Every structure is written in C-alpha cells, then in structure tokens.
C-alpha cells in the first residue's frame, strides 16, 4: 500500500490485483484505474466554470451527460485489465480499436496448452431466429458427448504436435500455427470509461457470443466499483434503454397523446399488419413489440470471495507450458 | 473526366468539385469520395459469404446494419471535403478526431482578412431553456445594429494591426495572434461514412451552434448524393429516432400492452408528477413529452444551381489577403 | 468502366479488382483507392496557399513532407484491399488499429477448410539472434517432413470435427472453436496512405514474421502504382534509412568533421569496446555496425501476369466449404 | 492523501495538483497519472512470460523497446493535465487527436478576458531559413513597442465589445466570436505515454512555435517524474537522435568502414557538390551537416518552487471574467 494524492475508490481498491475466474480457465483482473465519478464531473466542470451559478450534484450531472451522449468527460477515467481468454474471444475483443493491448507473444514465448471446453449447458444448435447465434436450449447430451470426444482428439493431436515441434526447437512462430482457436491467450487491456461502456453494451448484449458476455459481465462488475454512478446511469439509459426509429415513434404517437400536462393513452390498437403498413419491416415489428415488453434489471455485482491470487493463476498457466528444447 | 473501374455515383459526380456557399463567406466542396451504398453491402457480405443462402437487397441490408449499430461496413466509404469556415466553427469541427485535416497555415501563409458577420435573423439573446444556446427569436434590431458597429471596430483594428505587422515582416505566427475567432480559415477534411453520420447527427441537431448546423446541412446533402440509401436510413433511424431510457420505456409499458399479435393502448394517463414518481427528472419529463410529439422530416437536398467554381472562391479569398512586405 | 471527375491513376486502374496470390491459398486485391500523389500536394497546398510565391514540384514536396514527418497530407489518400490470410497472420494485421476491417464471420457463415502449410524453404528453427524469429536457413528435410505429417493429422482431425458439427447443425460460433490458427480467413481492409506506410515499414521488415512480409510486399507493389512518388520517398527515407541515437551520432561525430563546406573523415577507429565505452550496449554496437553496412534496394514491383480473377478465387474458397446440415 | 494498491511515483506525487506557470498567464498542472516505468515492463512481460529464461532489468528493456519502436507497452501509462493556453496554441494541441480533451465552453460560460502578450525577446521577424517560423533574434525595440500598442488597442476593443454583449445578455456563443486568438482558454487533456512522447518530440522541437514549446518543456519535466527511465530513453534515442535517409547512410558508408570488429574512418571528404551528386537536395545537405554537429543535451527538470496552487490560478482567471447581465 502506498500513499497517493490521486483520487481513489475504496471499492475498487478492495479488488485491485485480484483475479476473477471466467469460463473454465480464463480470468479478468483489474490491475489499475485512473479517476472515479468525481473526475468526470471535474472534467466536465472545466466547461462549466466561471460565470455559471449553480452546480448540480455529481449524480445528476453524470446522468445528464450520459443521456445526452456528452461522452468526452467519461474519457477521463481509465481502466487497465489483465485478461486470459480463448483466442476466438480475443479476436472479438480486438474489434474495439480504442483499447491499448499488450498480448502474450507466441513468437517469443511458449504457449500454455490450455483450451476452452464449452459446458453442456452452453452447447447448442445454430439459432433459428438469430443468424449468427445459438439456440437458448442446450443440444442433446449425446451430441455434446460426441462433440467433446472429437474436440479432445483435435486438442491431443495439436498439443502433441506443438510439444514435439518445440522440443525439436522449431521456430515458435511456426510451431504455434496449428493450435486451435480455443487455446487461451492473455493480455493487458487498457481502455477509457467511455469506450468501455460502448464495449460492454455490445458485449453483454444477448446477441454477443455467450463466451465474451462472460467477460463483459465481470468487467461491468469492476466498473461498478470504480465509478458506481456512471455504472448506474449506463444501466438505466443504455442497457435498459432502447432506440426508437422515426416510424416506431410515429406508432407510439398514434397511441399516446403527449401534452405539456402529461401523456394520455388514446384508445386504439395496432396489429402487425398495421405496423407493417406504418413502414416497419417484419423484423422491426417483432423488435418494437420486444422493446415494449418488460426486461429484468441486470446485476453485475462481483463477489470478492471469487477472487484468486495472481500467483495461483500464473502457476496454473505455467504448468501447462510444454518442455522447451535443450 | 477519366475512365475508372472504381464504383461511381452519378449524382455525386454532378456536384464533385463544385463549391456550395455557407454563411457569408464560407463554403463546402466535395472534392472526392470512395465507395457508395453498394460498397457497404459488398464489405458486409464478406461476413455473409459462402454457405449462406439468401441475399437481401442493398436497402434492407443497409437499414438493418444502421438499426443494429453494425457500423464497420459504413467505414468503407470515404468523403473528402474542402471547407472554409470561421475559426470558432473550425474549433467545433476538430472535436471529431476521426477526421483527417490539412488546414491552411497562418504560420506559413498570409491570412485572408475575411470575417463572419451574423445576420440579424441569427442574432439572439442567451437561451433561457438551453444553457449553451441562443433564443429562437432574434434580438432587437437596435441591439443588433450596435453589436455590428462594435464588431466592425474590432475587425478594423485587428485588420490594421495584421496588415501593418505583415508589412513590417513580423513573423506570421505572431502577426496572426490577435485576429478574431470570426476570421475564416479553410482545410481539407476527410472522414468515413460512419464517422460522418455521427458528426452530422450531433451537428445538424438543434442544440449545436447554428453556424455549424449550416455546414452540416450542406454535407448531409452531399452524403445523400454519394450514398442515398445510407442517408435515408440515417434520417429514419437516427435523425427522426430517439433513445428511450429504461424509465421512459416503463412509462410506455404502463400505457401500452405489447403482445405478439399487436400493441394495444391501455386506458390511462401519466401527469408530470406521476412521471417524476416513475423516476424521471423534471428535464426528462419534458424530454419524453417532446419525443412523443410530431417532428418534421428534414430535407437536406442540395440545389446544384447554388454551386460556384473553385476559381471564384479562390479569387475572393486571394483579394482579402493583405500586401506582404517588400 | 465509368467516367469520373475524381483523380485516377492509370497504373492502379490496370490492377484494380485483380487478385494477387500470396502464400499457398491467400490473396491481396486492391478493390478501390482514393487520391494519388497529386492529392497529397493539393492537401498540403491548403497550408501553402495565398501569399506564398513559389511552388515546388510534387516530387520535391512529397520528399520534403516524408523527410520531416509531416504526415497529415498523406492521410488524404486511401486504399481498400480484399485480403485472404491465415488467422495467425490476421492477428498481426489487427494490431494496426487505424485500419477499417470487415471480416468474414465464422458465426454467421461456414468456414472454408483451407489451411496454410509452410514450404520447406520457410521451415526453420528458432533464431539464435532474434528471440522472436526463425533462422535464415531451413531446417532438415526430415524434420520438415515429420512436421508436415503431424500438421496434416491435426488438420484432418479438425476438419472432420468441423464438418461433422456443421452437419449436426451445432452453432457455427461453437463449431469453429477448434479450427487451427493456420485456417484462412478474409476481410476488406481499408487504410490511409500514412498508416499504410507505417504498417508496411514494420511488416516488410526482416524482423516481422515471414508470412506477413509476403502480404506487405504485394501491398507495397500496389502502393507503387497508386502513389509512385510517395512510394519512392518511403523507400529512400524509411526502408533504406535508419534512426541513429544520440550516442550513435556522437560516435559518428568523433570520426567525421562536418562543416558548412563539407564532411571530412577524421583518421580513427572505434572497436567494440570503445563503442561500449561510448554508451552503446552490446546489441546497439551490432546494430550500429549493421546500419553502416550496405543494403540492397528492395523491389516490390508487381507483375500483372500474376493476377487472378475474383471468380477464380471465390470458387476455390467455395469448394472448401463443408456441406451444411439438411 | 489516500492509501492505494496502485503503483505510485513519489517524484510525481510531489508535484501532483500543483500549477506550473507557462507564458504570461497560462499553466500546466499534472492532475493524475496511471502507471510508471515498472508498468511498461509489466505490460511488455506479458509477451515475454512463461518459457523465457532471462529477465533484463527495467532500464534495459525500456531502452530496447524505445529503440525498436515497440510502442504498445508505453500506451499503458497515462497522464492527465490541466492546461491554460492561448487559443492559437490550443489549436496546435488539438492536431494530436489521440488525446482526450474537455475544454472550457465559451457557449455555456463567460470567458476570462486574459490575453497572451509576447515579450520583446520572443518578438521576431519572419525567418529567412524556415518558411513557417521566426528569426532567432528579436526585432527592434521600437517595432515591438509599436506592435504592443496596436495589440493593446485590439484587445481593448474586443474586451469592450465582449463585456457589453454579455451585459446585454447576447448569446455567449455569439458574444465570443470576436475575441482574439491570443485569448486564454483551458482544458483537461489526457494522453498515454506513447502519444505524449510523440507530441513532445514534435512540440519541443525548434521548428515548433516557441509558445507551444514552452508547454512541451513543462510537460517533459512532469514526464521525467512519472517515468524517469522512459524520459531518459526518449532523450537519448529521439530528442538527441536523428533519422538518416538511405542516401545519407550511403555517404557515411563511403567515409566509414564498418566490420564486426569495429568502425574505421576511410580517409576522405565530401563537399556539398559531391553530396548533391550522391542524391541529396541542397536542403538535405545542410540537414546532414547539421545532424553531424554537436547538440546540447536538453534539461527539462522542473523546480517545485515554481508551483502555484489551484486556488491562486482559479482566482486570477475568475477576476478577469466580465460581469454577466442582470
């Protein structure tokens, strides 16, 4: 522990440097942060400085900023994570180009032979409704068992090949080319609050691949400890909110009269054909109905009891590294 | 005219290199573009390639991508503009850091002494409702006349000082430091479609300073000629659309029953107190009522008859450059 | 072919849309470009506008800009490529976050079962001198043959597993997780000239993995056709140039007297011990000696006879896609 | 003072939140930082993790990374500054688009009427040798006095106009448009170490406008307290280093024989004509000769005795804000 004049967040300090397991062999650790909710206000107040008379409380300001997409003040808070994840998940992370990344190098170092294996409950058929996702219900246990058996064979073969190539001192940059996408890699990943919220909104969404959602949920829990008001505003305005198109708003306007003194429902009803006639595609009709149905408030609270130490995590990975040559 | 295998848009070619006047002495010219709506589809189809069975039409795909914030394909279209604007407007442009800029250099070159002068119809008092804007109605004519007289004095003094310093061969980087923020500068400004839409959404919005809105409107008209389907989707989903928070959606859910077979208004009413009790701040109540009231579809169509030539614009600026020393 | 008022480069038009093979199954195609050397000058001249008296030729200006790292004008030229490469190469590309990418989706689409297999001449042991590379000379033929045999087994196993999972209609996002890193993927990749030069300098360098160098060389050849003066300046100032540290310059200053009327060698010699005493680490001594030895001018000229058609490339990939389920 | 598990730098803590004056009314304050030299090593070691045998010391690693332009680990350290500077300087800062900025808003708030006035020693004629700079020697005292007199008139006129417009409650976004570019603005400015070094290299360079150099020098002094090894490597490899083109290296190769056992001067001499014949332009000949002449090691050490408090700086600015209406 050191003394600092910098802003600190006790709830964040409590988990700083702890490792939260994700999936079967992965983890997320918050290794550093810069700033808290108060620093967002402080940055925004530069623009609100001399000659203005009143000061909202931090919470009101942060909610106002988020609601109106005034995002620059939230760039003033930074997060640094240490993350271990399967390569196919890492390939989804890197689409977010505003993060800084330092990844473990398979050219320089030996890869730990650690692979992600889906559990039965996540093993599902191609979704009928979402062309890039999976069904909500798991596939048959027998299909799962057969898949696991095949995956085990691929991994055994790939591990053998890698171990042998490394023993023969073949260049590591070549030895690794047949490792499967399920192999775990790791990196330092740094991002500001504004871009983290954008990442999380896309990645805790039900349309994201389930495996990356798992990482998003842990990071959201860390965010809640560094900047709780920003977290709350993000849940209220973005996670629980929805965008309405002009045509959707027109449907609402037909059913609701909005005046300065309130909003009144106009007796009426729109069936799917009428919604289509209002310019919504079939998919948009289903989307609008979905937005008007209740959703559950998500809870990304972390349990500090889940934390592991850096040493434990490092040891697990180190054990899985094959023997180098000579 | 040259022959090319690249995708072209005839409506864009019609205005390419023409100069559209903006404000009293500014302009926007589309000097180049890369790609059209079809190229967005082409880029998105990489992800939709082999093994998929059906192909939506370009329009449906572009609307789907915009609705779901799948923005990477729209990064594949680029725009390059030549823009002249007052320095205070230029300072608002540069907040959009995803554009590439080459600005006229006041260190190397002499500044044309051309200043922006607001018209009476845009000269207004500080807004009572929007803490950073102006009232909708112009201020008194006498106040306007007095302001213009003062501005003329500032500009005459600043022009004299600049002209004299330049005659004396004082370093240009120093001679220019007392030019007013209303002085026109110019630059090349290049941006991709995704980031242009983000810029335009913020800058044609009524909360933006009126002067930069004027630039946004002309650029939106140019966009409509390069990528008309993207333009249409942007109007429908973003300009005419609105974001609803979780609390706002809950209000709608209380007044509307949404089932698979349609949406039915439930008899009921929410007055401002009830809306506040539902968790909306006073400002949010007004915002929600505002979203449920009708808005007019904007029209950013350009009239090619407004175009001027590069030579005419260059000559006007050149005339306003003071005589250099020696 | 269409008519355009935009700047075109005949040498680029000649290869536009043609597919240049790279490695055993990959390719690079230049699918679009915006601007040429003249547009870099045009953008830079905004800053060099009124009140300046002379105009250098385009070549002199472009060389001056490159020498002095005035890079913003070269952001005004854009390239769009279609590239197919092994996933381990794609993972090196994405470190360059200034490019826009649309990648083929293994969640939505079926992956073609096409894998990169190194040739014997590129199959080498871990380098003794470069901790992340490979030796210059290939490894024994027998070792190569054994490695190929092992890789074939991994690929056969992984292909079988993927084909079977897809037949069973398992979610594609899961079916693909055991494909090896040698599997080919593809994407649209768009970047501006400034950032392309930065990418190429790192990726045609001998320290980059040989496989990505192959992509860099073809892209450099395409650059030479779009913006030949920028290409030439890049070769002269960056590829053939080198950075000297303060300590290295001090060594040179001890051996060379530089006056306004010329540079004269001072009789003298510095052996490695003396260089170390001057503050250079052992590795820096070797690097300095290396910089002072001759290098060959690289030649990235493309041969249009190597071009293939889009249809041929698409057909090859399509054949390698496994049969989807029923 | 709070306790933290985060890495801290005692030398940085000593000046944290202190205000260092720059120019006549400006300042730079380091308000927060994240990480130190050790964190650069920590990030880089992810890539150097398991299976590698030796560990260089932090200093050697940081020097190696900088020399070889392995810049991603240095993105892991962040700086947050509060800066007040004339608008013409602010316009040079924003060209560095990798920084996050929250600027004082002239639309929302009243501008303090504080202007930058060059001292005689910085008031110089247009440079004969550098087309965008000023001569090294100051201009005549009489010319300086005349310029100051003219500037005072411009500022008095502009201040009067602004004060009157604000009294009349004219919209602030309009009232400010005739303030001169010498008016001070302020902002929060956050950037990572990699991008800060790039900014500083360009902005402490003699070709940058002297006024922004002054800001660069103070920031460099702050950097030296947060990450002293990175600072030292930056001075050695970048500030004191130089880039040599292929043609320049060929000149050196003609005068120096470099073998594994050392570097030997070959008797010889190259006069400017011979250098031109080797492919160097006239300007390049002068540049090469310049690189081979001695330079002084810069010293950006800060004196904590120069620090002012936030309160003092805020009070000075607040005093200069005109009286608002009503």
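As written, the chains take the letters A, B, C and D, and residue 1 is the first residue of each chain.
One rule holds in what follows: a contact is a pair of C-beta atoms (placed from the backbone, for glycine too) under 8 Å apart; a residue touches a chain by one contact, two chains touch by 3 or more.
Given the structure is predicted, the values throughout are model-derived calculations rather than measurements.
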{"item": "Chain separated most widely from chain B, comparing mean CA positions", "value": "C"}
{"item": "Chain A-chain C separation of Cα centroids, rounded to whole Å", "value": "31"}
{"item": "Chain B-chain C separation of Cα centroids, rounded to whole Å", "value": "36"}
{"item": "Interface hub residues of chain C, defined as touching at least two other chains", "value": "52, 72, 95, 101, 105, 108, 131"}
{"item": "Chain contact topology (line, ring, star, complete or other)", "value": "complete"}
{"item": "Chain B residues within the chain A interface of the complex", "value": "52, 60, 63-64, 67, 69, 72, 95, 131, 202, 235-237, 239-249, 251-253, 255-256, 258-272, 274-275, 281, 283-284, 287-295, 297"}
{"item": "Residues of chain D touching chain A in the complex", "value": "1-8, 13, 16-17, 32-35, 39, 42-44, 46-52, 72-73, 75-76, 78, 80, 82, 100-105, 108-110, 112, 186-188, 190, 192, 317-318, 321, 324"}
{"item": "Of chain D, residues touching chain B in the complex", "value": "86-88, 91, 94-95, 97-98, 101, 105-108, 116, 118, 122-127, 131-135, 139, 143, 147, 150-151, 153-155, 157-158, 160-161, 164-165, 168-174, 176-182, 209, 325"}
